[in-house]
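The structures come next, written out as structure tokens.
You will see chain A twice below: alongside chain B first, and alongside chain C after that.
Now for the complex of A and B:
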């Protein structure tokens, strides 16, 4: 009985985080982006500095008509938003926020593999949407998504593999238990590669070629309306949360901090995740979109070699230590 | 020196971060009134007391948005047996702000200072016909016309002030001159009385300052009347009026 209660409680907490954190990131993006551009951003919804803007947006999306194009592959089209969104919920389940068994939704032995594999599934949602929409722009967007996934999954996996080598385990909790502060400079290259590849996989600016609105309208999401469109947007922000959480856990030491790791470890995790989310927004505001060929060039000629170099460095240091 | 690779990326991040720490430029208009520039072109106010119905504004208006109607009234003669005068009376003055392009030519061209820019801008209407505003509304807007902004610290003196000051200075100089003349005349009269034996010498000595005018009379007194005519009076008489009339000419 207590087992059932325990599982239910964990699921509820993870689900609540899954609903709240992406909205928090979205609202932060509204405000941070506005102030970085000398604006104020939303000021009315909810009364105080537009804190309820995303709630209002949600209400608006829910009121809109759910249109499926006549020539679309109906079932795939309708399924795509769920495929894009749900994997992030699953990944959130295995990210440890604090020390011990109590602070992770479900400790999985092959945590890294699980997280990265499931995150890859999320991109399938965009592919499905692009293919099923019966729209040229959607198809172009979907194909660009596929190309981007192929290019950036590799450096991301290599960078994660470097951490797994350093820790000698692929379990996320195991990696955090083995973490030492000097892993920060040791794995810094891997961290950068992982973070940048993750951004590209989320199709966040400056890697938003697949949805480049000035070229192909909104890529794979062109034909979507109402709630299904909102789910795609939510998937993007959930993706930011998951990417920042994973980067925190793998490279920044998760709940490790200068002090208070016993009781307040989860605060460290959330703080580091929030800082990374801010950086994600910051990059979006600062940089223009990469061209499709620049995108591919960055992945294959910069990130992959850097990730390989990181793995070599990890291996050498590992051998020297032993 | 070649730029460090990636310095451009860092610069981009710095720009956005710096902007974030600064105050945003958004004006929350309906909640807070905007701070308008001193010469804001909001709406045109009519100071109808100054209007003489000369029609210059209506004729200069590039898009013909000013409507003026008037009639003539006869003013009875001011003095018995005089001629009756007629004057223009303004019946209608309207500006169609749906046509007005806010060029301000009517305000520039008005010779009687009857038109002014007002910063008032909240006069949107739901029907385009209601944008033609009549004289009462235009007169009301006159109350919103701000004082003309102060001149820059180093600016030239305003023309009307300069003219007034010059006139006042001329007047003061003329008065001083008159006072001196009066004093000289008194001294002349006083000098006449104690020295009746030498009337010619005394006359030429006191006549000199009046003719030579300006500086202190004592210096003129001390000087021996070398080139001075034996009778100082005749040249002195026309001399000072000349001076004064030229001064008046300068003032005018």
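Now for the complex of A and C:
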């Protein structure tokens, strides 16, 4: 009985985090972007500095009509938002927030592979949406999404493989147990490659060619309205949370910190994740969008060689210290 | 791995789940080849490959299961959908995609299935996996058997994939010299504002990079 209760409790906690953290990132994005651009951002909803803006947005989305275009492929069109969103919930389940068995939703033996595999699945949601909408902009968006995923999946995997080599395990909790502070400079190239590839996979600026609102009108999501559109947006912000959490766990030492790792490990994890999420928002405000050929060039001629160099370095250091 | 053969009459929960997932996988596989909508075929393929990953999981081969999802669902199907969208993927039926080779294809499929079934059944007739004991498909166990017992086939496969990669690059570069310059790349005047001009090494066109992409996916496999 206690087992069932334990599992249920973990699922509830992870689900609550899944609902709250993306909204938190979204609200932060509103405010941070506004202040970086010399505006105030939302100020009225909820009273204090517009803290309830995204709740209000959610209510608004829920009230809107759910339109399916006449020529669209109905079932695929309606299924796509769920396919885009659910993988991130599953990934959140395996990210350890603190030391020990108790601080992870479900410890998975091949944690890195699980996380990266499931994150890749969520891109299928965008592809389905892009095709099923029967809209040229959507189809273009879907195509660009696919091209981008194929280009950036490889460097992301290679960078993650480097950490797995360093730790001698592919389990996320195992990697954190093996972490030492000097891994930070050792794996810094891999960390950058991983983070940049992850941004590209999430289609965040400056890699937002697939959803470029000013030229293909939000790409695969052009035809979506109401709650389904909100689900796609939620998937984007859940993706930011998952990417920052994974980068924290793989490269920044997760719950390790200068002090207080025993009781306050989860604070370190959340803090590092929050700083990375801030960087994601910062990049959106400061960099122009990359063109399609620049996107491909960056992946194949910069990130892949860098990731391979990181793997070579990891191997050499690993052999030397043994 | 060879235990006393358990009976068939009192299936455990895992066995029942295995059978049910197998049925779903089989159904999805059949739909993949019988549906008349091209993209639906690719999406049913996702279900079939995902079902296969669940089967691996039920057999405690966790590592293989996630690699299956990563490579097949995450990369191969995306590549497939990319190809479909790039060429021809109408919404609704595509009758022109049917060919007269259906009976031949069916015969080949039946023969291949028969051969595979025969080989697998013959090889593993008396082998049983003990699901209760320590997991036999963890990353550590898979890695050890791969790099201790099967290291030669593994390396041979790597060389094969490398050959495929080189071949793909050679094939896609063959047309490069007689192509007129810069037809398939954005010209500087058309480029969106803020975009940097493409340097001399930026030419080369999408075909070469596309091949690199396909080759890269192959290499991961």
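The definition used in the following text is that the second predicted complex is superposed on the first by the 322 of 322 C-alpha atoms of A that agree within 3 Å, B and C clash if a C-alpha of one lies under 4 Å from a C-alpha of the other, contacts with A are read in each partner's own complex, and residues count from 1 in each chain.
We take it that contacts are C-beta pairs under 8 Å (C-beta built on N, C-alpha and C of every residue); 3 or more make two chains touch, one makes a residue touch a chain.
Note that the structure is predicted; figures quoted are calculated from it, not measured.
Chemist: Is A:296 touching anything from chain B or chain C once the two structures are fitted on A? First, second, both or neither.
Modeler: After superposing on A, A:296 lies in contact with chain C but is clear of chain B.
Chemist: Just chain B (first), just chain C (second), both, or neither: which does A:114 touch?
Modeler: In the superposed model, A:114 contacts chain C only, not chain B.
Chemist: Counting touched residues of chain A, say whether chain B or chain C comes out ahead.
Modeler: Of the two chains, more chain A residues are contacted by C.
Chemist: In the superposed arrangement, which partner chain does A:151 touch: chain B (first), chain C (second), both, or neither?
Modeler: Touch status of A:151: second partner only.
Chemist: Identify the partner contact of A:282: answer first if only chain B is touched, second if only chain C is, both if each is, neither if none is.
Modeler: A:282 sits against chain B, while chain C stays out of touch.
Chemist: On the A-aligned overlay, A:236 touches which partner chain: chain B = first, chain C = second, or both, or neither?
Modeler: A:236: touches no partner chain.
Chemist: Contacts for A:73 in the overlay, against chain B (first) and chain C (second): which applies, first, second, both or neither?
Modeler: The second partner, chain C, only.
Chemist: Looking at the overlay, what does A:29 touch: chain B (first), chain C (second), both, or neither?
Modeler: Neither partner.
Chemist: With the two complexes superposed on chain A, say which partner A:223 touches: chain B (first), chain C (second), both, or neither.
Modeler: Neither: A:223 stays clear of chain B and chain C.
Chemist: Which partner does A:208 contact after superposing on A: first (chain B), second (chain C), both, neither?
Modeler: In the superposition, A:208 touches no partner, neither chain B nor chain C.
Chemist: Where on chain A do chain B and chain C both make contact?
Modeler: Common interface on chain A, chain B vs chain C: nothing in common.
Chemist: Show which residues of chain C lie in contact with chain A when the two form their complex.
Modeler: Counting only chain C, the residues touching chain A are 37, 39-40, 43, 46, 62-63, 66-67, 69-70, 73-75, 77-79, 81-82, 85-86, 89, 91-92, 135, 138-139, 185-186, 191-192, 194-196, 198, 202, 206, 209, 212-213, 216-217, 220.
Chemist: Which stretch or stretches of chain B touch chain A in the complex?
Modeler: Against chain A, chain B makes touches at 9, 12-13, 15-17, 19-20, 22, 24-26, 28.
Chemist: What part of chain A is in contact with chain C in the complex they form?
Modeler: It comes out as residues 71-73, 76, 108-110, 113-114, 116-118, 120-121, 123-124, 127-128, 130-132, 134, 139, 142-143, 146-147, 149-151, 153-154, 157, 169-171, 215, 288-289, 291, 293-294, 296-297, 300, 304.
Chemist: Please name which positions on chain A make contact with chain B in the complex.
Modeler: Those in contact with chain B are residues 32, 34-40, 43, 282-283, 285-287.
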